[in-house]
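The structure under discussion is supplied below as structure tokens; questions concerning it will follow.
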Amino acid sequence: MSTETVREYLTEEEEDRIGLHTQEMILNMGPSHPATHGTVKFTLRLEGETIRDLDPDIGYLHRGFEKMCENATYTHAFPYTDRLNYCSPFINNVGYALAVEKLLGIEITERCKYVRTIISELHRISDHLTCLAATSLELGAFTVFLYGVQSREEIYVLTEEICGARLTVSYVRIGGLTDDLPESFADHWKLVKRRLDKNLYDIDKLIGRNRIFIDRMQNTGILDTETAISYGCTGPFLRACGVEYDVRDAAPYLVYDRLDWTMPTGTRGDNWDRFLIRLAEIEQSISMIDQCIEQMPEGPVRIDDWRVVLPPKDEVYNSIEAMMAHFKLIMEGLKVPPGEVYSYTEGANGELGFFIVSDGSGKPSRVHVRPPCYHLVAALPEIMRGKLIQDLVPTFDTINMIGGEIDR
Amino acid sequence: MKQPLRPKSERAKPFERREMTFAEKLFYPAIWEGLKVTTKHLVENIFGRKHTVTLEYPEVQRPYPERFRGQHRLMQRDDGSPRCVACMCCSTACPSNCITIVAGERPEETIEKFPMRFEIDLLKCIYCGMCVEACPCDAIRMDSGVHPKPTYNRQAAIIDKEGLLAAGAKTIATQGGTFGSRVAGHLKKHI
Amino acid sequence: MQAYAHRGDECVVVARDQLVAVATHCRDEPSMHFDMVVDITAIDHLETFDEFRFEVVYHLYSLPHKHRLRIKVRLDEDDVHVPSVSGVWKGALWTERETYDMFGILFDGHPDLRRLLLYPEFEGHPLRKDYGFADIQPLVPLTDIGVPMSLGTPFAGTNRERGIAVGEGTSAAGKALIPQTTAFKPDVVYK
Amino acid sequence: MTAQVVEALVHAAIKFAILVPGFVLALAALMSWIERRQSAMIQDRVGPNRASIGGVRAWGLFHIIADTLKFALKENIVPRGSNPLLFRLAPFMAMAPALIVFAVMPVGPTNRWVVSNLDVGILFIFAIGSLSVYGATIAGWSSNNNFSLLGALRVSAQMISYEVSLALNLVGVFMVFGSINLQTIIEGQGALLGGVLPKWGIVVQPVAFFLFLAASIAETKRTPFDAPEGEPELVSGYFTEYSGLALATWFLTEFAAVIMVAMMATAVFFGGWQIPWLPPTPALVATWWFQIACVMAFFAKTLFFVWVQMQLRWTLLRMRYDQIMTMGWKYILPISLANVLVTGLFLLLTR
């Protein structure tokens, strides 16, 4: 079976020569289309089944994240960041908090670092599972999809136990967290892990070595390494091309330098590599969470600075100093010294950057987010030109575009 | 530009791509493996629902965890009046501006302010929990364990002071800076 | 040219006409080798500075050397042209489009400068400080479906764009009303 | 003469009226429930079980009625710019052949149990069955929708390609049993090989059976060969624009095709109405209870194959369109040709 599906289309002269005249077809895939989970429109120029050109039209979920942040205090931005990458809201929370903390120049507590690592990895698993499950769904394996989201459901239940909400977590605060991890976390995590193992085993049996799946994934959606770098692609996409780049490794934040983990990289940069990398990263994340639970020290999860974090409740109830700090912080917002900072973390799809400019008031002057999948979707026309329309589906899925993140 | 410069990392571990074996190339063995998994699930779910994860919702309900951020409630004083002193902290902290408070004056009492109106528009609310965090007197909480219910009109989604108070209870949180208040630190936020 | 560092982020301010030269140098010089433009965005300094209004910000990253650099170009309010670096890094294609969309900054030499996140009929540029938080857009008349896109031409270069409102609504009075804030002091200033 | 013709026609009509609405359509309706409940059980869900009459849920069986009502009550939308006549005609152009083919299927041991025992039985199935492709193609073309058009192109290419392989797979069986009359083939499968093994088609032609299964699933356009209606890229392929009862007609057509494939597999490869190790002697065949038992056996085997197809549907994923074509022309077709060759050689040498 032919694995290479690159087909050059005929030029007009060649068409004239062989007497075959074809007409291009414009196909609008989206904005509401089964393949475009999230909302995105692809305008395809097709020649038969071959894509001649592709124009991704994003912005259907644009809700003015950056403008809203300019009109809110620094703490108010947390619910907005929840909705950026809705598959892994914890990572966005952590990324934003780290950016503001970098601008403030404060150091968070040890336990908080571990908790943040745990929740980041937890939601990295959730994000990767969503991606894997959605990829299988788009290729017709509905059963695999449901096994995948079953495990994700377990993670959501765990998330709800941690912070009280399944998706819109708003768990992280500048200088710490809203609350410590619940006591039952470690036990509950073991249950989640068992379920995850079981479901991943079933998924592997169903599609892991199934030729139909492998044929769909291998040698499709390839972007060569130079172009990928030039486009600014990061994350599993770039690692699938064989580039050993991971923010957790290149510029370790939180406690990633204290953990023992490996960075899986691919060789060819096709969909299959991305799929395998995500699977391998789920394993790595599981091991990282286990290590964190082992190493995690006791202690507070918030720093002891009432100019940044809210004082403890009983202090607020009973002492005038705490009460005043509380009021100042709520009414005026967190005062961040003027400056500008670009902070980067490893989101589930790649480098998640926050660029924050402060003018010294309680509201940020500018918040800009660099969504990781933005640059991947920008490269999509380059990947898909000359390929079959059916290859668009797994490619788009392994790119893992998240509407909330790319449209902001 | 075309320099083969690549970042190198100790952690990196390229994985091997296993080529398909002849048996795998024949399609049928892998299909057989898949059929075994699905048939196992089918049989075990028909006879005993071993793996079934779906809850049949209205009859069976999953308990919400302790920290679940549900519908709001207003806590009461001992005489049943709201603990709220209309300090506007929650409405300021609310990112979606869903809390409306109109303060009233109580000249004869030591606590001078009270909320004449306290309304939460549940359609605007995003259940982030920031109002609870912002409350300096443990007056508003989201631990009712009730999730927001759909309504037939927008007006019904606005709950007023009475509705919030009805869901509330008395709290043991002491407040007011009495002598020895630092000792009260062990008192938990939740009852 | 001016260089400083703040919180460990190195930043260089370059003149507009040297931008492409600097960018190419940054990419090709082996000791710098910035092979990736991580992000391009802009800042509107309407409230802060008088001498310039916009800063276009380029974040560069070098994969092999693992270092980062921020390049800034300062623009005046009535001349918002900046040369495009999309010929240097392809990652600039969309980020420049978005910056144009949000700030109305024109990138000369960009092959396909259309709106990205917003629709073509959008009036104004929302991330400018003079675009109000609650400004309302006019309704776009329903276009006839079934208007085919012109075949043959690539997507680039469709003249669906409106004129760009430059500096609309800014006035000296508006600037004077803005409260003075403390000035930004970088940690290190390179001479 | 005319009276005989009329009588034969009336008999055939009565049999057809019993077989098709009584079994095929009833099973097709039931399959809409089976498919959903079975997939639910595979996927650790519960599936539809809420429709109830007077509080009786009956495992969701009433969903069949609810679905039918829902389809019937929905508006039949004809899209703007389409060809209304062809658009309305297309589902029936697809459904009619899919139902007519059941006329030659012998479900029991005597001629009483077949609507019309044609000598060219299986050729009739291919000839009529392949007309279904017109319905699908016209549906896609007349919808005035690019997705439908692409789906129509895919479906016509795919169905025509797999027609060839499908027929060639059965050639080996015809050679073994020396007939293309389905009743003769089934009767031929009653013998025992070496006194132990029933001489079923799968025993004498195993390769042909597996290829037949693949090719026939491709004919029914179900997973893994459902690129023509490939949901993620073509929404629903050639029937994207259909709604209401017209959409239900497409589902019915698909289910009828599934039943047909199951019956074909039963008749050709699994002994048809033969009960294993119970050879149909003329004395036995004359008894009514044996005939009923044979019919039951036939339907039981058919149900088994329906189940197998459902199970495959929820286990596998979709192939790419060019992979489907490659598989059909470069793999299934040569192997079935080789199979015919080997069978011929074997028969030649052993005779």
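We just call them A, B, C and D in the order they show up, numbering each chain from 1.
The working rule: a residue touches a chain if its C-beta (ideal position, glycine included) is under 8 Å from a C-beta of that chain, and two chains touch if they have at least 3 such contacts.
Please read these numbers as outputs of a predicted model, since none were measured by experiment.
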Most remote chain, CA-based centroid, reference being chain D: C
Central subunit by CA centre of mass proxy: A
Centroid spacing, where centroids are CA-atom means, of chain A and chain D in whole angstrom: 45
Distance between chain centroids, defined by C-alpha means - chain B, chain C (Å): 38
Rounded Å distance, chain A centre to chain C centre (Cα mean): 24
Centre-to-centre distance between chain D and chain B (centres being mean Cα positions), rounded to whole Å: 51
Shared-contact residues (touching 2 or more other chains) in chain C: 35, 63, 66
Residues of chain D engaged with two or more neighbouring chains: 42-45, 314-316
In chain A, residues with contacts to at least two other chains: 26, 143, 150, 206-207, 210, 212, 243, 245, 250
Contacting chain pairs - touch in the sense defined above: A-B, A-C, A-D, B-C, B-D
Residues of chain A touching chain D in the complex: 1-2, 5, 25-27, 29, 33-35, 46, 49, 136-144, 146-147, 150, 206-207, 210, 212-213, 215-216, 388-393
Partner chain A, residues of chain D touching it in the complex: 39, 42-45, 146-147, 149-150, 223-224, 226-227, 230-233, 235, 314-323, 326-327, 330-331
Contact footprint of chain B on chain D as seen in their complex: 38, 41-46, 49, 210, 214, 311-312, 314-316
List of chain C residues in touch with chain B within their complex: 27-28, 30, 33, 35, 63-64, 66
Complex contacts: residues of chain A adjacent to chain B: 72, 75-76, 78-80, 143, 150, 153, 157, 160-165, 168, 170, 178-179, 182, 202, 205-207, 209-212, 214, 226, 242-246, 249-250, 261-268, 272-273, 276-277, 280, 310, 312-320, 323, 326-327, 330-331
